Structures are given as C-alpha cells and as structure tokens.
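Should a chain be cited, it is by its letter among A, B, C and D, assigned in written order, with residues numbered from 1 in that chain.
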Amino acid sequence: MKHLGNKVEDIKIAYVGGGSRGWAWGLMSDLVSAEDISGEVRLYDIDYEASLNNAIIGNKYNDVDGAKSKWIYKAVKTLSDALTDADFVVVSILPGTFDEMESDVHAPEKYGIYQSVGDSTGPGGIVRALRTLPMIELIATAIKNYCPNAWVINYTNPMTMIMRTFYKVFPKIKAFGCCHEVFGAQRLLSAVLDENGIKDVPREEIKVNVTGVNHFTWLTKAQYKNIDLFPLYEKFVEKYGDCGYERGRDENWVKTVNTNNHRVKMDLFRRFKYIAAAGDRHLAEFCEGTWYLKNPETVDYWGFALTPVSHRKNDLKNRLEKSRKLISGEQPIALRKTGEDGVNQIRALLGLHTMVTNVNLPNVGQIPNLPLDVVVETNAVFSDDAVTPVMAGELPIEIYPLITRIIGEQEIVVESALKRDVELAFKAFVNNPLVTIGIDDAKKLYKEMLENTKRYLQEYNF
Amino acid sequence: MKHLGNKVEDIKIAYVGGGSRGWAWGLMSDLVSAEDISGEVRLYDIDYEASLNNAIIGNKYNDVDGAKSKWIYKAVKTLSDALTDADFVVVSILPGTFDEMESDVHAPEKYGIYQSVGDSTGPGGIVRALRTLPMIELIATAIKNYCPNAWVINYTNPMTMIMRTFYKVFPKIKAFGCCHEVFGAQRLLSAVLDENGIKDVPREEIKVNVTGVNHFTWLTKAQYKNIDLFPLYEKFVEKYGDCGYERGRDENWVKTVNTNNHRVKMDLFRRFKYIAAAGDRHLAEFCEGTWYLKNPETVDYWGFALTPVSHRKNDLKNRLEKSRKLISGEQPIALRKTGEDGVNQIRALLGLHTMVTNVNLPNVGQIPNLPLDVVVETNAVFSDDAVTPVMAGELPIEIYPLITRIIGEQEIVVESALKRDVELAFKAFVNNPLVTIGIDDAKKLYKEMLENTKRYLQEYNF
Amino acid sequence: MKHLGNKVEDIKIAYVGGGSRGWAWGLMSDLVSAEDISGEVRLYDIDYEASLNNAIIGNKYNDVDGAKSKWIYKAVKTLSDALTDADFVVVSILPGTFDEMESDVHAPEKYGIYQSVGDSTGPGGIVRALRTLPMIELIATAIKNYCPNAWVINYTNPMTMIMRTFYKVFPKIKAFGCCHEVFGAQRLLSAVLDENGIKDVPREEIKVNVTGVNHFTWLTKAQYKNIDLFPLYEKFVEKYGDCGYERGRDENWVKTVNTNNHRVKMDLFRRFKYIAAAGDRHLAEFCEGTWYLKNPETVDYWGFALTPVSHRKNDLKNRLEKSRKLISGEQPIALRKTGEDGVNQIRALLGLHTMVTNVNLPNVGQIPNLPLDVVVETNAVFSDDAVTPVMAGELPIEIYPLITRIIGEQEIVVESALKRDVELAFKAFVNNPLVTIGIDDAKKLYKEMLENTKRYLQEYNF
Amino acid sequence: MKHLGNKVEDIKIAYVGGGSRGWAWGLMSDLVSAEDISGEVRLYDIDYEASLNNAIIGNKYNDVDGAKSKWIYKAVKTLSDALTDADFVVVSILPGTFDEMESDVHAPEKYGIYQSVGDSTGPGGIVRALRTLPMIELIATAIKNYCPNAWVINYTNPMTMIMRTFYKVFPKIKAFGCCHEVFGAQRLLSAVLDENGIKDVPREEIKVNVTGVNHFTWLTKAQYKNIDLFPLYEKFVEKYGDCGYERGRDENWVKTVNTNNHRVKMDLFRRFKYIAAAGDRHLAEFCEGTWYLKNPETVDYWGFALTPVSHRKNDLKNRLEKSRKLISGEQPIALRKTGEDGVNQIRALLGLHTMVTNVNLPNVGQIPNLPLDVVVETNAVFSDDAVTPVMAGELPIEIYPLITRIIGEQEIVVESALKRDVELAFKAFVNNPLVTIGIDDAKKLYKEMLENTKRYLQEYNF
C-alpha cells in the first residue's frame, strides 16, 4: 500500500469467506463510502462461484451514486492467493452448513435443552467450536506464512474461541475481533436518554466501559457528557422490567426472530447491578438454563425468541435471490449505513484518524482479575498500526463469577480442539449451564451431536 | 507464657464459645495429651453456666490416665476477661440457636430448595453469615484491643466468610481457620491404596496439594511416596462411581446422617478431573441445585443424606446428658484421639516442631489466579510464630469457575454484613446455584428467612 | 456548570498556586482560546497579592484579540473559597521558596553531588518532597471536604510523589498529573522524520507508547502512519550520538540553561534500546551519578547544563517585571499557543471531544509488571467525565530495573512524609543513585539539607 | 528405584561434573551416612580420568567407619550413559577452566573494576554465564531425552541464570538449585543469640523467611521460638557494624580468602533494614561498585577479601594431591558433616521425611511482586516427589529495587546466551553496577573478555 499525504492507496484486503451473501455487501458499501482509502479486495471462499458473484457485485459498487473511492474485487481460488502480501485480512466464514447448525441448535431440544442462537456457548456453541477451530488453525498458519504483518479482523463466531485460537497458533498475529452487539446496548441507553427528554443521541456519543467476553459483555460505566446513565437505567428498569421495552431497537439488524424487548437484559441488571450489553438472545445462553431458556414458554415469557435454523435456511434463500438480482441488475446497488466500525478501524490503523471502540483481544491486563491471554472484549484505542486495549479495570465482584465461568469453558474447548480431543471438551459440555441433565444423558447427547456433524469433524477421533 | 528449653509453660488460651458440649472436650483431651505445653484455658460463652460446667470437666482431664500436662480451666464472664493477654484464641461458637438453623435449612424446602448442611453456602449459609459476621466483627475488635498479638484459631462456620471478616476488621490479626474435611479425603485415598494392596497408610502420609475454599476444597496432586494417586483414584471411581464406596470412613466423625458413600465426590471427579476433598454433604451444596440436591430422592440416589435440624436438636440433648454425667462422675473422663490438628498447630507456633497442613488464610498469592485477600484453603507451614502458606499454584481451568463463583458470593455477603445491607446480600442469594427459583420467589423466600431469624439480625434494617 | 448542547458554561476552576507569574498566563491564554467552554477561575495563593495581580491580568484576557470565550478571574483568600463546588482544581505551587531550592540543588555540591534540576529525585528531589507532601496532604483533604467530585490537575513537582500522596490521602480523588516533557521527545522524533525527508509533522501525529514515571518516561513504540520510528531513531543516534543534535528543539520552552543536545537521551538509547522521553536534564538525574552528573565537566561533555537556582531567581525578577507591565498596560496581553494539553483535557472531560495523551495516574494495571497503585505515566483516554489509562504493557526487561528503582525510592519517601519520619526517608536518600558518598557522609549531608530548609519542615522531628 | 517400607534401594544418581575434587567427596560422605537410601552414582565429567579416580574414592566410602548404606560409583564416558533412567541428576560443573575465570575476575581490574568472586554477576559473572549457559542447554536437552522424570539438583554458578536456562530449555524439568550461603546468615544469627545468652542454637532452628535471588538473598523475618531476631540484630549491628564481627563463622567452609567480618552485611542492614543473607564477598558484587569494591583498599576497609584466581589454582593443586592420597590410601577416607542439605532433600523427595529449606526455583508467585518464571530463592517444602515453594510474600519496598535490578540483568544475559547474541548481553554488561566506566570503555573491556575466553564461546559470533 502507499501512503500519500492523508490518503492511502493500493490497500490489499483478503476476505476469507468472501462468498458471503449479505454481510459482504455491507463491507463493500462501507469501503466505497470512505474517501481516503482505496485498493483491492480478494474474495476467497470454499464456494468459489459465490466469490465470483460477489466480485461482480463488489465492482458494481464503484459506480454507485455516492461512491467516493475505488475498490477492485477479485475472486481467488486459494487461501494463499488471497493472503499473499495482504495488508488486511477479514475473516467471516460459516463453519459447516446450516445442516450442522441444525444439529447444534435443535438436537439438544429432545433433552429439554433450548438455545436461542447456539453459536457461542451451550451445547451448540461448543460443538460449533470443535468444527471451527481447526479451520481457524489452518487460516492462522496461512497468515503466518503469507502475510504475517497483516491486520486480521474476525467477524466469525464463536468469536472468543476463534480469537484465542488465532493467538495460540500464531502468537505474533495482529488480530482483533469485531462485534456490534454492544452498539445495541448503547442504542438502548440512547432510548433511556430519550425517556428523560434528551433526544437523538447517537450511540457513539454514549461512552461506556465495556468488559467481559463477546456476547456476554457488560457495561460498568455509561456516561453521556455530565450524565451518569446508571441511575437513569435503574429507573428505566423499574418501569419496563416486567413489561419489556419495545422501542429503540437497532435499525441495522434483522427484525422478527432476532428481536427482543430487553427483559433479559433488565432482569440481569436487577440481579447483578451492572448493564448486560448484548442482545437478550445471546445473554440468555450464558445464564443458568433454568432462568430464561427452560422451555419455549419461558423464552416467550422473557420476550425474546428462539431462532430456528429453518429461519436461517429460509433467509439464505432470500439472500441468494437478492444476489442474483444484484448481478442481473434487477435490483440496483445502493449504499447503506451499516453502523459497523470495521472500515473506520482500518482507517485508524492506517493513521488516518484515532478512534476508541470495543473489540475482542487477548487479555494483557486490561481486565486485571482475569487470567492473562484469554480473549476479552473491552475498549481499545485504534491508531497508526496499533490496537491498544484501554484499561477496563477489575471485573466487579458481582459479575466476576459469570465471566470466569465462561472463560473456564472456553479455555477447555479451545485446548481440546487444538488437541483434537473430544473427551476433554466434554468436561466443558457437561458442566455448561444449559446442560441441566445428568452426566449420562449429557454423554449421550454429546455423542449424538458429534455424530450428526462428523462430516466436519474428520480430524477428531470419536 | 514462658519458654523453658523444649517446653512452654503458662500458655494462656481464650476459648470463645467455651460452653460447647462436645467439641470442647476433644480439645481438652488433645491439650492434656501434649507433654511439652501447659497453661490455662479461659472459657467464655454467652451461656455462662455452660462454661462453668466445662471448667469442671476440663479440670478433671488433668487427673485422667495418660494425662501428660496440666491445664487450668476457668469460666469467665466477659470477652475481655477471656482475651486479656491471651496467647491463643480459639473461636468455636454457634451463631444463634438451632431454631435459627431450622429456618436456614428448612424454610427453603417449601420452595423446593434442599440443603444438606446449610451452614456454608446456599440460602441457609448466606443468612447464617448475616447473623454471624457482626458477632465476628465484635470479637475481632476485642482481639485488637485485648490481645493483638495472639494467634486466633477459628473453627466456626461459615469458615471462609468468618476468616474474611476477621481480616477486614483487624488486618494485622494473626488468625487462621481449621477444618478436618480434607482429612476425610486423605482417608478415602488411604482406602484407594488399600484397594491396591497397600494397607494402613495414615492419612498424614498421603501428601496432597489442597486448593479452593473451605468445604469446597480440591486436591490437584495426591502422592504417597513414589505413587501418584490420581490414576489409582480414576480406576477406583470407575469401580465405585455408580454404586458408591461404603468403607474407609473417618473414624473420628459422627455417623448416621453425616455419612456418605462418596458418590458426589466421584461424580465431581468424572466431571472435573480433580479430586473434590470434603464430605459429599458439603460438596453438593456448592454445585448446581439440579445436580445432587434437586429433591430428597436425588439426595438419596447420590448416597448421602440431608441433615435435619431436628437431628441436631436431639443430638444436643444427648450431649447435655453426657455433660451432666461427666460432671457428676457417672461417666468417667477418658482421653480420645480426635484426629484434629489444633494442638499440634499450637505446638508448632510455639517453636516445638514444624508441620505442614491445610488451613484457611487470606490469599497472599498462594493461589495466583484468585483475587488477593479472599480466604482460601491451602497447605501452610506452621513454625515458630508463623503460619506461611505454601504455593498451591494456579487453579486448574476445570475447577477455576467453581471456586470463583463461590468467592464472588462470599465477597458480596461479607461486604453486605459489614455494611448491614440486606439488599446487597440478596445479589448473592438470588444467584446462588441452589436458588433455582425466579427473582420474585427468591425475594419472598429471603424475606421470610430474615423474618424468621430477626432476633439475631437486630443491627440490620429490613 | 451547565451543559448547553455542545457548549459548557459556568465552569468553576480553582487554581491553587494562582499567583504564579508565567505558567498561569499560559493557562489564561488557552482558556480564552477555547470557544466551547466558559466560567470562572478562583485564584488562590499564599501570596494573596500575587493572586490579585493575576486576577487583573486574567480578566484582561477576555478582551484580547482572538478571545473566543469569557472567563471571570477572582482572587480568593482561603483554600475553601477556591475549592467550594469547584468543577476543576489546578494545582501548580512552589513548595517553599527559591531559598529552599537553593539548598536542594546546591548543598550536595560540597559533597561532589551535582543535580541538573533537583526537583524530582536526587537529594534535592527527596528533600523537596518532604516539604511538599504535607502541603499536598492538606490540599487533598480540602478537596475531599469541599469538592470531592472535582477533577484535579496537578502540574507541581515532584509529580509522581505528589500524585501518590493525593491518592493515599483521598483514594476517591479524580486527579491526574500533566507534564509536557514527553512532547519534547515527540518533537525530536519529528526532527528524525525531517532528516528522512518528511517535513513538519506535528508532534501529536507521532503516536507513542509512553511508559515509566514522570521525568523518566520511555517510549517503547513510536509510529508515524506506516513508519516505525525505531530504526530511523537508531540511525539518527549513530549520526548524532557523539556530537549531539542541536536543532529541533521545543519552541515552547525557555532556552539557555534548559537546553540540551539530546546526547543523554541518545546514550540511553544505546544502553537500553528504548527511547528515553524527557529532557536530558531530567533523565540524567535518574541515572548513576557517575554517568552524566559526575562533575560540571561531565555535564558539559554530555551537552546539557546544570540549572543554578540563581538563574531561577533572576528569571523570577523578569517575570515580576512582566507582571507589572501587563497590569499597567505597558505590555499588551496577547494570546500564545502554549502547546500544553490542559484545556483540551478539560474539554474532553466535559464530553466535548475525546483525546488520547500521556498523563500521570495510579497504576491500575496499565503497566502490569509494576506494583499496583504506584503512580506511572502512560497514555490515557480522556472522555466524558473519565480518564482511563491505556495499556502500556509490561516494561521491557531492559528498562524494568530503572523504573523499579525509582519507584522504590518514591514509595519510601511518600510513606516517610505521611508519617513525618525523616529516618525512613534516609533509606531512600542514602541509596539514591546520585548519592555516591558513603553512609556517614550521606547522613551529614542529609542533616544539613533538613536544617537548611527547616522552616518548611516544622511538622517533622529531627 | 525400589521403595521397601521406609527404605529406598537401587536409586540411580547421575553426577554431571563427577570428576570434582572436593565437593564430590562431601556428597559421598553424606550419601553413605544416610541409612535409608542406597543405589548407584554414575560419575560423568569431560575429564574422564577424574571420574575414574572419584569412582575409586567413592567406592571406598562404603567401607569407612560409620557408613550406613552402600553406594556403587561408576565412571561413565557419555552424558547419556550417566542420565539414562536416572532418578536424580546432580549438576556441579566448572564451566571452562581457571584460565577463563582468571579473565573473568582480573581482566576488569585494569579498568578499575574489582570483583570479589566474579561468578554470579559483574563483568565476570556475565561472561561466565555466556560460556556456561550453552552447556546447560545441552545438559537440559539430554535430561529431557534420557530421564525427563528425574529430579535435577544444581550446584553450579551462576546459579540463577543456570536454573532459568534449565526451565527455558525444558519447561517440565523437575530441577532446583541449592546453595549454602543462607546457612551462614543463620549461623550469624545464632551468634547474635549467643551474644544474648542463648548458646549453641543450631542454624536449622532459626526460622527465616528467605527472599531474593541466589547470592543476593535477604531475610525479611528471623525467629527463634518466641524471639524475633530483628531487634537483636539491630543492636548487634550497632555494636559490630563499624569494627566487624570476627567469631561465629561457618565451620564447614574454607577459611582464608573466603572469610569476612560481616561488615558489608551489617552496612546493608543499616541501609535497607532487612538482613542480607549471603557471604559479604557475594553481597558486595550486587551493589554499586563505589560502595564496597571501589578498589582493594575499600575491600580491605570493609573486612572481606578479593579471591584471586591464583588462590583457586593453588587450592586445586592441593586437592589433586589429596585425591592422589585418598586413592593410594596414604590419606584415609573419613566421614565428615558437610552441613549441606542435598542428601536430606533427596530423602524428602523419596517420601522418607518432610523438610522446609531454601532453594532456587522459578517464581510461580512465591514472590508476587517479581515477574513470573524468573528464578528466585525462597523456602520450599520438600516432600514425596514434590518441591513446593512457600510464600515469601512481596519484597519489601526497600529491597525491591535491588532484586529487580539483578533480575533485569539476568533475564537479558540468559536471553542473549540462548540466542548466542553477545550484543544483547552487552546491554546488561554496560549497565551492571560494577561497570562504573563509560559505554566506550565498557565496550573495550567486554571485547577483551570475550576474546580471552573465546575457546569456550565458539558458538557465538563476535
């Protein structure tokens, strides 16, 4: 790449999972909307045709109304073609297909275990990790070989375990993990301000101290200018805790099954006195199974929804159709504000501005009462070729056990994946808070789930 | 006190809770069996008459067959009389009466919450702590005033929270907490050796690395000479895990409702791969309520028993009767081996020998991945006027979440007791693993339990 | 104060040491140059007349060409008048007079000990601390009483020990310490870029990872966009290490005795491979006395200068004369760019922007291999009512001993000041790297220095 | 090996450096004096003939009056012959010859740098480390290959850097380092008791809390039964600090050049208020060069002596002569009490008893305010197959800078040896407290010393 005054040209971005229908288009929109950077994007995907289609769509973005920079999209056939000399690597893959995800999410239901997402923790998250982490091992090794100095931005779940694997396999990797769930909590706080007569505060202007792990993130401070948001939130919870809060939702996120009325979030505030900062569907999965996910009625009572994989399959059909139309021109390409931070983070790393935002990184002490090296989500400063964590401080004692528990689980699962040892991962599986069944039933369920997804678990013995 | 070569005379021991029927007699027996120490024991109890009776019994021990030293017992009427110039302080009190304990243990049963002991954690342990810790605050302050250099040995439960309170109130206190539960695990390991043809190994000769918190202690190493006991224990668990192991029990502990067949201990080994080292009745209470304490049938299935408080009340009657007989001479005084370490610890602190044993102390780094200052149970070296923790090392990741959870609970409860703030303690109560009911029912139960025991909660507002 | 959209009015600033001739005028200039903040400044000084004069000058700034906001200056007679309800407190005092400083700096010369500044470490810095810290104790207590929520900005030396005292006396104080020495290092790096053909880079655009303690700060990273400055600096040191670098000096700092040609800084780079980031006069004082301060010839050889207190006295005369002229109108008031960060930090704390800059704060883990609570200088994020340290990371092993040594000294001196115990401080004095004389001579010198300055050491016994 | 009740037979000890004249004979005497262990000792040395001679001498010990067990000594030709299946490995080698040591100790004298020992730190210690550590790397790798479960006992200097290398090369090594210097401090404390009328206290009965690094160890507690030795030592220092204390010396250590009158130790007590616990010759080398080693007169003034290598060469001649006589029978073999702990440590590891003594081990938290993994000297519990450090606690702030400085040096030197990078080690060399000369002279001296010893630095480029 070339720095020319306050512009950077010839940036090379490798996009692993570049056949994505949907998320990729948001990135294309964000890239072409930034006037001070330009370059090429190599799309790599195990589904090469999908990459080819996205390359067509990507290149069309250059001509869209409002485009401010030029980005060349190329579909490439190998990981090495994508990575060689890359300046940035974006990782956004689907580990396995929705058939495997169907097992992750729904196989446990026979045992009375319900999961609202099933991609981060719970039986589904654990099995998903087992099939994902060996792929990440492969990608990490390729990055080490082909572009060791590139910045790697991960969007794939299970976020924490993937990031941990990246750093275990290639300790000098310059990788961080991005997730927009905290933004939703900021938007809810903006709604809290709105209730107090302060209208239209953009979520970025609400300064929060983020701590915990991805999808189980917490705010220990929330401030808007001179206003401490905690007492306002407490009143808000008193008002809406039982009935739920319906407005103020994230504009940039799919509705229907993904919606929630924040009752889980508010119940957690009543229980722990800090602000849980992810969607209720995610939060619920990290808590005792008896709390929010006992059965579909409980889920309904708490105002969120289980996301059946059939929904995802259906949604994919729509997106494939949209892809076809974008290519054919039946549907015009248009810019949209994604609300994602990715492109601004890239710009900061290039020295074009400085920004502070939340991100997933190994703990180098930003949360001093957690073990070193585990991956945590806190704020960080993005500036010239550096992402430096901001001190989140010690976890408050109230939420300390919540976070240490999931860290224990994640450490075991990552280790068992790297050792290809399913027995070890069972220690995490059987003790997961959603696995409220005994050790013998747990063993049966675990076997079943491994069996169901064995196409993607070839490297394990079981 | 006076050091004379290898003897120490004129030792002054203050016994807070000195009216105890039972435990006190064991201490009397151990003291008079040690030939190199002698002195006086001041018995203080809110039941002064009980102290008077124990003074009579204690003084009789000097004439018993096998007595090797002389100890003068005095009943005293005030804490300051007991503590002034004391060299050692023994704390072994019953906070409240068995009526309060009845509420602790049985009130939650209406809500489907069963507790096997109810004195360390769970709803009962938490409420017990609320009424105990202000008493400990009082005792700690008196120690600071009347004998700041004395060694303080606590035997009262909830052990961890009491020790934490001692150090919070008087940070320079020289206090440690003793518990014999780990000895039982050592005896089980002796039985494991027995199964392998190595007979009659005394529990002290089995060297263990103790870690965790009182009543939820774990062994991360267990060695007998050149034999690593972990693989042997694994086979033992394979053999007895389902049916339970009936032999090899602690000879020094009351039978019947206190017995167990180690199935909980063995299930925990299968789940976590380290050796849980306390009685099953205690261990069960630190786990998810759904595991071992779901209902009386579950308890029965796992081979241990709920200890109804009626049993304790009955047992007390027997002990009162025994006290009467000991005084009248109807029952003769006799020495017995208690298996407790207390007197040997005193001898070590006096410089008469060196010993290594497990003990409850603030974490100064002996478990590096736990917060500093919280009270943990690990080995320590006892020698001339010093108890120095031995490095237990980092908690293995498998059991790390177990211990951090209970530490979180204990920290909150201690803080709320010192602040006399029942609302704060509710954050621990509602999130306790046995409290599998919702936040609203939890609130009801909590209120009820506070109400039941309010005679001993006068200093709190609720 | 009142937040009105993107402006804040009615801000109350207490200025302790507000009679300052010079530094205060810079702050006045910076305040009136900021368009989004306004309010009042209460000037408190033990020299009340000086405050009165500065109030006159301050109020004149409102009418100067380029003034963008209005600030009312008031001289107040008591600390409580200054502090009551203050939003910000600026602390910039001279502890004692230049007569005391004369002893600090020059008394040791008889023993062959030379100091270039004598305000941070060395015999002079230690004795200065002894007379300063009780004053800080007083100020901290007053802040606790009159404005516990105010932000406190300290500019006084010895910076580290003052900040440590603030937090020891009032642990919840919201205080940070500012110093511009690191800016000079950034300017030198700008000169390094200049040597490489990249001209006129403002120092703020050079991103540095700051670590260490005030006046002995180090850079472990220095980056300009995609350029790592370490290899360039290495070449620069090869070129200029022996002869010194004369250009590229800080435009905002007094010349003559304060100048240096960076030879000390460059020698330290050769010795330790990291970039020392303070003026050479300061750096030299933290090193072995035999290195740069053996005698005046050595100082000369290394291209910096001892700052005789006579120079300071003379300079003060000039500034008094200037004060007179500013008041009389003989010399017009004019805005000047101070290059200081203070006003921008205030604006950030008010929520008007976000900034990252270096600052002195207690270690909460931003330097994980230093003790907690000691005061360190690292980057921090300034935003809505928060200063949050950025992870500086572990000190590299090369400079770790340098920083731990000075921390050891500072901890001892602070403790001895708070205990009013000159004997304890002697443990720091005698082992200071500049005190290359034996323990007996050190004792003599120490006594002499205490005697010389006893007017300001009334609270100590010696 | 075979455990038979309370005896262990067929123990296999590999002795690396087994041609030693002197130290080996002490071990032989200790081994044959222990009645509960027996086995074989394989003597390996680069001087095979020396091993052969020692095998003859060793086997003669079995017939000596007072021998209680039987040990077979064999000279072996390769490291693998020595190590294969060994249960214990003793490492006690001379890295290079006394010619190299002559350069280490005396080459710096031309530059005005004097060293009293030159084997642990200072220019000599650093260069010695450079030639030793690659040998240790070799031994560590061989241990990993031939006897990974063996206990490794190191006696070679530089102790700390050797231990650090062992663990860096083979992290699972079961190695510890032994040194008797602390025993000397205990004997001095016994003399202090003697001055107070308490006679003949064996050094083991004085309980000390040991902390720091080998040869720069400190006592932060010293207790004999109920007597705190610190106030007594303070008075002792008042009495003998200026004139030195001549009696009470170690009976088991060579006299003449090794003697000292404890003035350095006492001066350090006055400076730092903790008890330095190694011979003065060692302690002096870790302090500023200007303190005790400025020149031979200073050394003399402080009551200790430089140990010229000529003395060592001469001594060797005597020992060779003694070896000859022992073999020929001219001089009879006789048991002697060495005062070393080695054989008792072996017995504890075999489960024959439990002991607490000081030892060099990686920091796993026993000194919480030092970096993890660096090698420190503290107490440890020796028991069945385990050496477990006892918490030494945080280094007091007074001595913290002393220990962190030497740790910084040692970390750099170990890293540079493992990387075979003499440039990196120069960063330690030039900043060593004895190297009071400038960077340019330091460079010259360093080159010279490397040149002088290049026969043993073949693997380095310079």
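Heads up, the rule we're going with is that contacts are C-beta pairs under 8 Å (C-beta built on N, C-alpha and C of every residue); 3 or more make two chains touch, one makes a residue touch a chain.
Since we're looking at a predicted model, the values are computed, not measured.
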{"item": "Steps needed, at fewest, to go from chain B to chain C via touching chains", "value": "2"}
{"item": "Co-neighbours of chain B and chain A - touch as defined", "value": "none"}
{"item": "Euclidean distance of C-alpha centroids - chain B vs chain D, Å", "value": "43"}
{"item": "Centre distance in Å when chain A and chain D are each reduced to the mean of their C-alpha atoms", "value": "54"}
{"item": "Two or more partner chains touched - positions in chain A", "value": "none"}
{"item": "Pairs of chains found to touch, sorted by chain label", "value": "A-B, A-C, B-D, C-D"}
{"item": "Partner chain C, residues of chain A touching it in the complex", "value": "1, 3, 205, 207, 209, 221, 223-226, 228, 350-351, 354, 356, 364-366, 368, 379, 381, 383-386, 388-391, 393"}
{"item": "Chain D residues touching chain C - in the complex, by the definition given at the top", "value": "267, 270-273, 288, 290-291, 369, 371, 397-398, 400-401, 404-409, 411-412, 415, 427, 430-431, 433, 436, 438-439"}
